[in-house]
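Both complexes shown next keep subunit A, but they swap its partner, so subunit B is in the first and subunit C is in the second.
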Partner chain A sequence: MGLTRRTFLRSSVAMLAATACSPTAAPVSKPAETKPATPPTSAPPAAQPTVAAQPTAVAPPAASAAQTPAAAAAPRTGGELQFIVGAEPPSFDGHRETTFALLHALSPHYSLLIRFNPDAYPEVMPDLAESWDVSADKLTYTFKIRDGVKFHDGSPCTARDIKASYDRILNPPEGVVSARKGSYGAVESVEAPDPGTIVFKLKYPSAALLTLLASPFNYIYSADKLAADQKFPEKNVLGTGPYKFVEYVPGSHWVGQKNPDYFVQGRPYLDGFRANFIREPAAQIAAIRGGRAQIEFRGFPPPARDDLVRAMGDKIKVEESAWIVTLIAIFNTEKAPFNDPRVRRALNIAVDRWEGSNALSRITVVKPVGTFVRPGSPFHRPESELLKMEGFSRDMTQAREEARRLLREAGVPDGFAFNLKNRDVPTPYEPSGVFLIDQWRRIGLNVTHVQQESNAYLSDHRAGNFEVSVDFIADYADEPDIQLSKFLSPDRSASNYSRYTDRELDALYDQQSRETDPERRNQLVWQFEDRCIQQMAYAFPIIWWQRIVPYSSSVKNYPVLPSHYVNQDLAHVWLDA
Partner chain B sequence: MADVTTTAGLGPGPTASRRAVRGPRWLSQVTKFARRRTLGFAGGVVVVLMLLLAVFAPIVSPYDPEESSFLDQLKPPSREHLLGTDQFGRDVMSRLIYGAQTALVVGFGASVAGCSAGAILGLVGAYKGGKTDLLLERLNDVILSFPLIILAVAVVAALGTGLLNVIIAITIPIIPRVARVIRSSGLTLRQMQYVEAARALGVSDTRIIFRHLMPNVVAPYLILLSAFLGQAILLESSLSFLGLGVAEPKPAWGLMLRGAGVQFLEQAPWLAIAPGVAISAAVFAFNLLGDSLRDAFDPKLRV
Partner chain C sequence: MQGYIVSRILLMIPTLLGVAIITFILLRMVPGDVVQLKLAGDGGNVAAEVIQAERARLGLDKPLLAQFFDWIWGAVRFDFGLSMWTGRPIIQEVLIRLELSVQLTIMATLIATVLALPLGILAAVKRDTWIDYAVRIFSIAGLAIPSFWLGIVLILVLLIAFQYSPPLSFTPFFKDPVENLSQLIWPALAVGYRYSAVATRMTRSTLLEVMREDYVRTARAKGLRESLVVVRHALRNAFLPVVTVIGLEFAFLLGGLLVTEQVFNLNGIGKLMVEAVLRRDYTMTQALILLVASVFVLVNFLVDLLYVWLDPRVSYR
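This part shows the complex of A and B:
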């Protein structure tokens, strides 16, 4: 007898009912218990490299790029590193962008003037510069440039190209965005007296200059290409780095191949790399488990780490580190009612970061509680100081009462509705957004979560098309000049999306930047934060990230540092058999 | 004679007497439907249950679906939380109940809008004929050349995420599919004498379409509506699963599967099972109901 439609449907209903009623449908077995999180601290216990690079009048670190990172083991050459990138680059211009999505795909194609030493982070080491010298008054930095360096099109790279690139960063022409120009307030001029020399002249001594020049975003572009079109780097890839660009397929992958003319002898070890763009964490984990990728440089949340370790055993290696990244909430101060500091303060006060740290650290990559400088870094606030700040209280009943009072005073009705914009990167943007919304619900606000793809998200930030948004501080070094520059007035900072002009805040930034005494500088940094977070509440930190990187044990010589921006040129990474 | 009159005047008549015994007419029809089309009736029961849950969600839901309780993260099913809790400590059952609201709002919104627009366009094309019909048909061809999910994803990518945009994204691919079916009915109807008569009396085209043609395509319209309801729910879940539907913390079945459901599959399988079963049951129920409605309305299958 053939299977009729009715018989099939009846059987299917019966199967569905049986499934629903079977023990597996309603799980009764005890699931793996969640590990209790350790109490959140304002500073992570593991000491991380925290000392900022100091300017030096002596010769640069003895080890050259060719000798340093991979010396310990006998590296193998060949192979293709496959890695995951959780978002796609909004553009190809390092000077303009602020995201890992650009760095992880593009850094292998570019060189910097100087770079961070991955074996002694945050010390800096030569890259295109061979050596440097600092004048006695610390106002002139002179760099000697390597000879014979070529761009991937065969044209020579000289001091002229470096000057053109830094001129673009420091004084971007009309229509060009330089995201970090505010950090370089100390620089008076950049000169190239000859093809092998580049000179930075300062207005005042800067303790942070070498750190700033090692920014992994400061790609050196061709002066000729920039002269023809200052927007050339937005859509083209032409560098002097260890890998040449092969192809970019949006939504799929980015491929690079070994540059045989790379200026460091014997590097890179790999034949090439392939960056696979995979947004969903579950798909990322599946790619690692299935051997279709060896690493995701940002890392994975604790549950994913545990899954990978369980499934892959000794084929997976896990490294953890503090992380110079925090999510922050920003307000569009041009839109009511967020133009009222009382409303912004209320939203800051209502967030229980301590509870959030405990809860979110179990499911995503956040944990330390702190301000705009990384907990545990030289300028961080100890917990005793932190608790005195508005928004960091442990007495949330009182804090939320105060928040409600401020809202009432500002005329914001109960149930007031607004949108929270957020990036559609699931980890940890989404859980952090959900956490904020939950916290604000507790003071009677009705918040809608609007998640956007990276490009649209950043475009809306730049255009001021938001009310409240989740933004980020993600940096390559613990240096207040870098972390705080975002909050300078818009004429000094392209990444001040809150759109306020506050000269008092600008002055505090300049004071701390010029201050050479660490203790006094610390006080000035705190004053800056007090004004920005407490008094004006232009923006406030949510919870700092904690880096957890489980990766294939075949990947060698990739030290997990407190920044996922640093050491991404892959020149020294190699693959074991 | 007088007795008869008295009886007829005071007591229940034969028809009323039968109703008293058998109950109201709609009930007898439902009973008949249940007896003849058991599967369709079962599907209908699930649909009604879903509707009731969605409408009375604030009453039947044990917790606020968006309220986090960080002390209860990833708790397995228990007496306090019948379907366990998710990664934010939110009650899965409450999210499932409120998720039915999202599913039905999108399902009904998209299928009613899509079927209605499709029916109107189909009838206009069939009635007008000529260039109007040709243009509408070619437009339908263009839209039909894209698979349903691809077109919906493209529309969301263009419009952005959010409940309204998801409804629009699902509505657009439904329109030509319905238009094509209704047009074929319309082609037959336009030849009917009462349409000719209306035209001869000078009745306007709009009135003929809406007053005379439309009521005669109600049967296929209802069948298509019930069929696309299930598809729309599935599509909404797919879009949410792909991160293109409603955003957290709003409860939606696809979103529940996408977020915690996949990420914590090994530690907390209940997070995937609950919305998975709900989606399957809802789609299955709508399909069964639609199938039975087609059987009931189709005169060829009545014999």
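This part shows the complex of A and C:
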């Protein structure tokens, strides 16, 4: 392969990233606050189901926005948080967009009905709702709305505004895009019987409803503004959140200032924030090292983390978490030999994820080993169960022998050649693709790595122009309704690029979605995964991402959660002197 | 002369139309579209009908010919439409970034000119001396080192030696000159150095050529001092190719420093163009390429006119 301009630039940028953070005279000791990451050799135990997973929990969580999160030291007020956002929001409309770039810039301006509790993720807690009740038949959710909440223009925010916002999400008018409309199939209606009450009526019980209502994209907009123009939120910012909008310079920055009328007493702590849009990782790292910015919420790969720590000493701290993002391998089941489940199973079995985790976690942002639900999430199976699954064995000699046997049975005993399509993103797509190719080489397969720029990559996925490809799942919450929806038959999932129709899988999905008993739901989720990963091997997980966030030690009270989509309203963040 | 000017202006029309057609066709040949990236690029499981509706809203479902005529009809009225990515007017998006790009171009041109002219003259006058060799090494290095790489080195030196990184946002010069220059001086130096290398070598070689002309020999024979010979007789005649090079480089820089702007995170035309191409923002990319082509055509035209002023022997009929 020749040295292209793109390759050359990428190498240069990588060099800068590495060199920019090379050791200087700064202390070399690691900061004490660095948290050890989840060991790759064991999947975290399944946690107890949470409020979000239990619609039967009628009592609201004890914590309130005003009390949460608790800080170790006395919070200090004032200061402007400078952070980096690696992309820009196409529009300002949360209901329409799907990118983190929107959330990082706009979430400080908005409130939600309920939100995730940053101190007890994935529990949900009140935001505009004060409390809620769930009917005995689990078909009616009644939320009590806070009194006295005002939009930034001074107009009151009531249940009417919440209804208008959810009507827009559930039944977008002509010309309005609602990206997550499909997630709320269980909701029959949203009613606002009085200014202080909002009622969600369901067609059938939904285990995921509270999690879905805590979606960080579900900003509450002014009903009056929507009545005048349903596209108002695309180009205007008017929320009830902790910060008011000040300025947006496309390509450069976004500024917010403290909302003195914020409904949580004493919040926010900061005077304001400034989001700087910086695309290049090397420039992001330089900005943090040079003190121009304090944090990039998605984080950096391990080499950049280590170099920043070496260069900045106690001026930087690092937090890590398993991330609700995973790379998966998908097959085009319409192309031979991948239309044969035995071939697909062989490719799944041949991958040593445990060793991959050990090796790749040193150079890129992957680490936890798991299925389609995040290791450590309430839905993840314990390691003892995981090891029984095809593709998760630690005995790779036996696993590879089984893979070769399956290939012989499928009529390709001498292996074959194919292309692995992948996104040309250095972290962690490229190393993960190289890892897969090496694993498959060990069972006699000859794989060519075809890396593509994002748009061409997505286009080929949609058109079925691939044999095997690296795909991804990225979400704001550990919720099977969200994570597993991708694997539904194509008439129900636009992102099922494997192009199979499997009604048994669809039925399992529906059953788990309506099952409100956590234990029984977990069993159904695992059955879904067994079919999708083991029996039919339509797709399989590679290795889950690890969120590594090195940030200025002056930033306080920003717990790094498993998702970079949530906890971005910055109401509780404060800056040390 | 007037006839020449009119014909050159008229020739710009087919040139720019050709650019518009080629750009339009090439963009449509590249796989992917803006809607797909916008709605599904972060893994969103967005229904196919939502994507179709958005494509229709942007006019991407129309026949290609209709899309082209819609766009070109707007362009001739200086209405480039809305960005397919942001939905904001393209003129507005460009104007936000133009001030930075223009200032950076002017700064880089000034740096290049201030370096190139004296060094080129010195190298020519002191041909084959250590001064000439030093200038040649300096200028060859400038050609060999890509400006974005030099930019990376500058950033590293500032970070490692001074724990300093330039401001992240652009501040207009007349609002805060210090903040403004703190951001732009580094890319201007990186780009200006390469630019000066081209101009230095051109100044040296053309001056050497002119110095061999009969009228220079005559001037020397009249007993004029060498400095007068160079400044009064040789330099003005040597300027024509130098001005051409400076003009072309100026147009190139104004068209956007695609890589350097990424390295320094500058919110200029180059960065906008890179992002527009990556996002398949057709309307934005088409407008920017047309803008860059227009700048090239215009600067070339102005350089040609400048020849008349620099050299009275040149005339256009």
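One rule holds in what follows: the second predicted complex is superposed on the first by the 313 of 577 C-alpha atoms of A that agree within 3 Å, B and C clash if a C-alpha of one lies under 4 Å from a C-alpha of the other, contacts with A are read in each partner's own complex, and residues count from 1 in each chain.
The criterion applied here is as follows: a residue touches a chain if its C-beta (ideal position, glycine included) is under 8 Å from a C-beta of that chain, and two chains touch if they have at least 3 such contacts.
Here the structure is a predicted model, which means the values were calculated and not measured.
Asks: After the superposition on A, what does A:118 contact: first (subunit B), second (subunit C), both or neither?
Replies: Touch partners of A:118: none, neither subunit B nor subunit C.
Asks: Report for A:86: first if it touches subunit B alone, second if subunit C alone, otherwise both or neither.
Replies: neither
Asks: For A:235, decide between first (touching subunit B), second (touching subunit C), both and neither.
Replies: second
Asks: If you stack the two complexes on chain A, which partner ends up touching A:108: first (subunit B), second (subunit C), both, or neither?
Replies: Neither: A:108 stays clear of subunit B and subunit C.
Asks: Check whether A:428 is in contact with subunit B, with subunit C, with both or with neither, and answer first, second, both or neither.
Replies: After superposition on chain A, A:428 lies in contact with neither partner.
Asks: Mind working out whether A:458 is in touch with subunit B, subunit C, both or neither, as first, second, both or neither?
Replies: second
Asks: Does the superposition put A:391 against subunit B (first), subunit C (second), both, or neither?
Replies: A:391 sits against neither subunit B nor subunit C.
Asks: Which partner, subunit B or subunit C, touches the larger number of subunit A residues?
Replies: Of the two chains, more subunit A residues are contacted by C.
Asks: Which partner chains sit in contact with A:485 here, subunit B, subunit C, both or neither? Use first/second/both/neither.
Replies: In the superposition, A:485 touches subunit C alone.
Asks: In the superposed arrangement, which partner chain does A:376 touch: subunit B (first), subunit C (second), both, or neither?
Replies: In the superposition, A:376 touches no partner, neither subunit B nor subunit C.
Asks: Indicate the residue numbers of subunit A shared between its subunit B interface and its subunit C interface, in ascending order.
Replies: 9, 12-13, 16, 19-20, 24, 279-280, 282, 456
Asks: Within the complex, which stretch of subunit B touches subunit A?
Replies: Going through subunit B, the ones touching subunit A are 39, 42, 66-68, 70, 73-74, 76-77, 83-84, 87-89, 160-162, 243, 247-250, 258-259, 262-270, 273, 277, 280-281, 284, 288, 291.
Asks: Applying the document's contact rule, which stretches of subunit A touch subunit C when the two form their complex?
Replies: Going by the criterion above, the answer is residues 9, 12-13, 15-16, 19-20, 22, 24, 82, 88, 90-91, 97-100, 175, 177-182, 234-235, 249-253, 276, 278-280, 282-283, 286-287, 289-293, 325, 453-456, 458-460, 462, 472-475, 482, 485-486, 493-495.
Asks: In their complex, what parts of subunit A are in touch with subunit B?
Replies: 6, 9-10, 12-13, 16, 19-20, 24-28, 30-32, 34, 279-282, 301, 303-304, 306-307, 310, 355-356, 358-359, 362-363, 424, 426, 430-431, 433-435, 437-438, 441, 448-452, 456
Asks: Under the stated contact criterion, what part of subunit C meets subunit A in this complex?
Replies: Subunit C reaches subunit A through residues 30-33, 36-48, 50-51, 53-54, 57, 85-88, 93, 96-97, 148-149, 152, 155-156, 158-160, 163-170, 259, 262-265, 267, 271-272, 275, 278-280.
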